[in-house]
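Pasting the structures here.
Each of the next two complexes has subunit A plus one other chain: subunit B in the first, subunit C in the second.
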Partner chain A sequence: MEIVEGETSCAGKKKHKKKDRNRSVFIFFCILPAILFLVIFLYYPIEETFRLSLTKTTGLSKEVFVGTDNYQRLFHDEEFFAGLKHVFSWAFWSIVIQLPLSFFIAFSLTYYSNRFTRPLQAVFFLPNVLPSAITAMLGKFVFAPNYGLIVSLGKVLGWKWLASIDFLGNPNLAFWAIFAIATWAYSGFYVIYLMSRIEQIPRELREAAELDGASMWSYARRIVLPELNYPLRILAVLCTVGSLKLFDLPNMMTTGGPGNATVTLGITLYRHGFINWNYGKAAAIGVVIFVLSLVFTILQFSLGRKKDEAI
Partner chain B sequence: MRMRREQSAGRGRSSSRVHYGMSEIIITIVLVVLAVITIFPLVVPLLFAFKTQLEFAYHPWAIPEALRWNNFAEAWKAVRIDQGLLNTLIVCFGSILCTIPSAVLAGYVFARYRSRVTEILFYAILIGYFVPVQMVLVPLYRMEVSLKMNDTLYGLFLPMAAFGIPFWTLIYRSFFKSLPRELAEAASIDGAGHTKTFFRVMLPLAQPATVLAVLQVFMGAWNDYLLSLILLSDQNKFTMQLRVASFLNSYGTDRMPRYAAAVIISALPTLILYLVGHRWIIKGMLSGAIKE
Partner chain C sequence: MKKSRIFALCFLIVCLFSTAVLSADEVKLTIWGRDIPDDSADHAYVHALINGFQAKYPDVKIDYIALGDPGLADKTKITMATGSGLPDIFQTWGGSVMGGYADAGMLFDLTNELKGIPCSDAARQAMTWKGKIYGVAPFFAVAGIFVNEGIFKANNLKVPATIEEFDKVCDALKAKGIQPFACGEKDKWPALALYMYLTNRYGGDASAKAAARQIPYDSDAFVKAAQLYQSWIKKGYFGATPLGEGYGDAQQLMATGKAAMHITGSWMCAQYANSEFTDQTIGFYAFPAFKSGGVGTVNDIMGQTDIGFAATKVAASKKDAVVKFLKYAMSTEACEAEPGRICSVPGVKAKSSLTAQAAAVFATAKTVTFWWDQDLPPSVTSPLNDMLQTFFLPGADVKKSLSSFEALCVENIGPVKK
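Showing the complex of A and B:
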């Protein structure tokens, strides 16, 4: 940039002034659309969220300032705590189940790249592109009682116990059914991301390892895993932030039920805001989601600092 | 990757290769099985959808007796994906047209015209990147109602664009930063002004980034559920995803063959898209989504 500035300062004073104005006008009109969009649809609503979270209103009645009342009420809200609990156990299990599974697939696909495994990348990624509505539809298809895919399998195998399970109607199983379909849907992205990172590891490392007689497992553990330390941590943060925002699948498959068995923070927000029309409480939940995801995103950035891979 | 394998196979053509082959076979089989499980839920509806309810109840896994299309006709009537598809496409293109030009322009300025003011504005835009959609749903809905923008398609893609702009500004900024500075200098020595330099030189160079941005924004708008659910209530304005979701609410899985037909109909547009462009989609996901 100094070059541009230096160049303009070389010119005569009058010319300089004119050029400078052109420059400012250009800058102004370039940034204007983005700023307009953000002010109207983002900054103003953000400000409103904070304000609403301190008021009590149903949309029809007048807004009354109630201070931190909405937040205090959240502490006694069973549904909110159920949501919080599910969000964090969702994050925990995604990290414990989805990431290792994805790492196994990604590593094996790159380590044994043959004509059977090469096309599989596109297969594993496929569920990831399906819109969540269709993923939910497939989830219900798989887990439906009486006629669902798993129940039908149970029938044909003669396993009565399997054929009689109602996955989505059972409070102990509904969470896991949704988690299973989410694993199916989301792991593909982790796979292709990890694959792209594994392919960046210098070949010499593997050749050296093979010369030393290292097996696949020791190569994976001693060389690939340490190299993937950073991407894996990033994915763990993504899992966590993603579960804070979790809404689509549980809302469509069980609407948070049975009872509060699959309620998430997003669903409590939706229920309070758009079913009970309790704007203040919904806004307070919005603030909680924001603060939590901010904490984890800052974590992502500070992890990123370590390498040049930060944005 | 492949070349190296062949080389190493050539070099160590003895005992190590046999050992190598054995675990390779096992892992390959495991991977193929996993892939079959992955694809299974997408294939099974084909087996169910052509049957009558009775035929399905007795022989769910048998090959259908005949290709009966009436389940599809019924599912089509219930989901009416055609009408949803049109709305979805309008939202997609609206979202692309609002997001990308704003992001290119802003990203360019933030990369090439750095001053204290632009830096501050850049960080102001960056804030948007940290804000989850959920946070602003209530005020957004209230604002749209008071502006009579709810239940319109532009009322859906305008905020969608606002959520996309911070991220794509970031991407374009780093893209333009990576271009050699001499290009802009050469253009300005040739007497091109700021506007001309941007449109004649810079914008064409940004094409690779733009292709990915178009694809990603399209997919984002195509897949959206939450915003549409909040902002649209008029059936005629429903996007494809909302149609599928309302089918889920009103038609149970008790008539499984019809349900399976609906699954096929609903998934088909996306599947076709994926078959045609999966290379691009994967590439786009890799370059973009990780920074979400």
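Showing the complex of A and C:
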């Protein structure tokens, strides 16, 4: 009897093992397309970019191994440093201007939520769904000299000082003109994200604060802001990583000019690779962007882990 | 029932066989171009070329893909680099960009097939690289001065016959509140035509010598030309906001009579002669020389291919169809549809007096210098246009900008040979 039981359990184990193996094979085949997709379209290009960054090639010519020469050249490249400076400035001002502005709008819309303010959510989010090309065209329409919206307004009001400003052609103003358009275009996402987090704060907290005589400002500062500490940090990291990859708006509005006034790392990469046919140097810039993005992504994950530990 | 099935099967086989035979006879050519072949005046030639060829040669199926600008350049560059997905024919301005593709073995040598096609020497030269002809250039562009003759007449001004006369004319125009030159320097390349002319007028073949590394790009002629250019910018001859205006804005300034002159390529003839685009009377003039002290003459012209086509190596298996297409591109039948560009094919008459004026300027050319940003190695052409934009920046040191560009040329082309 015992022997029979043992045999039964042995056969059962074998059956289980077979079932597990079949399950593993099934799972493997299920995730295989995703693995192949990642390897072909993500890891292979990353590896190729690293490899290319150590070579000198026009794309048409033979690749010549030059070691770290492309990276060393970047240290003497004015355009690269201008791009680096601009993406970090962009990140800094995004955090200092775009995030507080988004918080102000998100808080106002949730604090004064009624049937009139609800449609405003869509209004603030709308620019975010516009293609960059349209946003850039609108930006040019607003800031262009001669026929631009602001210049025309200056002409109508008789304000010569306003009518004569060349927003996109002045090296000191071009960056800010693009930044203004980007703030309009990108803040919608931050607003919606922050609104969703503010709405998660228990209503009782607000009622209790109001009963204690807390003003709107006190409620925002002492209850809402501490609750948004983590989402705001995540948005700050997203701003920084997004700034490192910045390309579309500056390229379409000013092509990085005048001079190098609005050049970004993305524009420098595009110029070296696709216009100057210097794929090695372009790949080196790509690696720099990748490494910087990776650093900030790790930062993002470490922030997340800290939050999880706190919970 | 059985008979009808057999009949149906036979019918199917015959149909499949006939389709296979027809497909075998039909050749498909993939062509990458810049413009859409629609009904607009700007695209009249491409429209006539594609439709006319298709009607004349129904056995050759054309798959024409309009990629725009810079889409055409970018896509061509990437496919040439990878070597796969190449079209049979692509639109190109020739010069060193096409030469780079030829050096990489991506193009199809058609010297024997194309050398007999009648066309201007400059057009043939633009599509030739290291002695081999890779394509055709049915239209050629030259740079000159588009002048608003109405403004000049109303203000009793004469079109400058020497470079020295520009200051007087420009000051007079400015005093009347008219912007002397339209430029559109936000797009960077529009400043090149004038700089090429000024360099030539100061130093003759200085640009050819610099490209051949006989002299540096910060030598006398280049510096003097840059300094004169900068002095004109400082005097406001290009308006108050040249860096904020794109090439399209510059066209609008001319079209609306707000600017009096535009130094650019003859491709603008069609638009400046079009009464729907502008109500101004515009003429085309050769860029003058210095009255004294200069080297270059009024017969030294800047320009290059306006519309050109070259064949790639994948076209080798369809040689007959490719040659048919390139010959048709150079036919009077196709070229006569173009309303504004200068045709390289003898016997094609200019459609407008403005194009005729531009063609007359081209006819006087003793030397033709190709656009530097198309003829120099691609590694330095974009920095060249970036450098030109710095001339417009307040307080820019043009000598320093030229020295930086020379350093880049040393790195990419080589040092000056002693």
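Note that in this section the second predicted complex is superposed on the first by the 286 of 311 C-alpha atoms of A that agree within 3 Å, B and C clash if a C-alpha of one lies under 4 Å from a C-alpha of the other, contacts with A are read in each partner's own complex, and residues count from 1 in each chain.
In this text, a residue touches a chain if its C-beta (ideal position, glycine included) is under 8 Å from a C-beta of that chain, and two chains touch if they have at least 3 such contacts.
This structure is a prediction, so every number in the text was calculated from the model and none was measured.
J.: Quick one: is A:V295 in contact with subunit B, with subunit C, with both, or with neither? Answer first, second, both or neither.
T.: A:V295 sits against neither subunit B nor subunit C.
J.: Just subunit B (first), just subunit C (second), both, or neither: which does A:F274 touch?
T.: The answer is both, since A:F274 touches subunit B and subunit C.
J.: I'd like to know which partner A:A144 touches here: subunit B for first, subunit C for second, both or neither.
T.: both
J.: May I ask you to decide whether A:V96 touches subunit B, subunit C, both, or neither, giving the answer as first, second, both or neither?
T.: neither
J.: With the two complexes superposed on chain A, say which partner A:N170 touches: subunit B (first), subunit C (second), both, or neither.
T.: second
J.: Taking the superposition as given, does A:V64 touch the first partner, subunit B, the second, subunit C, both, or neither?
T.: Neither partner.
J.: Return first, second, both or neither, reflecting whether A:E210 touches subunit B, subunit C, both chains, or no partner chain.
T.: After superposition on chain A, A:E210 lies in contact with subunit B alone.
J.: Is it subunit B or subunit C that touches the larger share of residues in subunit A?
T.: Comparing subunit B with subunit C, the partner touching more subunit A residues is B.
J.: Have a look at where A:T254 lands relative to subunit B and subunit C in the superposition and call it first, second, both or neither.
T.: Second partner only, subunit C.
J.: Share the list of subunit A residues that count as touching for subunit B in one structure and for subunit C in the other.
T.: Overlap of subunit B and subunit C footprints on subunit A: residues 59, 144-147, 274, 279.
J.: What does subunit A use to touch subunit B in their complex?
T.: Counting only subunit A, the residues touching subunit B are 1, 3-4, 7, 22-23, 26-27, 29-31, 33-35, 37-38, 40-46, 48-49, 52, 59, 105, 108-114, 116-117, 120-134, 136-138, 140-142, 144-149, 152, 155-156, 184, 188-189, 192-193, 196, 199, 203, 207, 210, 216, 234, 238, 241, 244-245, 247-248, 252-253, 265-266, 269-270, 273-274, 279, 282-283, 286-287, 289-290, 293-294, 297, 311.
J.: Using the touch definition from the top, list the residues of subunit A that touch subunit C in their complex.
T.: Residues in contact with subunit C: 58-61, 78-79, 143-147, 164, 166-171, 254-255, 257-260, 271, 274-279.
J.: Could you please specify the touching residues of subunit B with respect to subunit A in the complex?
T.: 1-2, 4-5, 8, 23-24, 27-28, 30-32, 34-35, 38-39, 41-42, 44-45, 56-57, 60-61, 98, 101-103, 105-106, 108-109, 112-115, 118, 121, 124-125, 127-128, 130-143, 158-159, 161-163, 165-166, 169-170, 174, 181, 184-185, 188, 193-195, 198, 219, 222-226, 230, 240-242, 244-245, 247-248, 253-254, 256, 259-260, 262-263, 266-267, 270, 273-274, 278, 281-282, 285-286, 289-292
J.: So in the complex, the part of subunit C that touches subunit A is made up of which residues?
T.: Of all residues in subunit C, those touching subunit A are 74, 77-78, 80-81, 100-101, 103-104, 106, 186-188, 240-245, 249, 252-253, 377-383, 386, 389-390, 392-393, 404.
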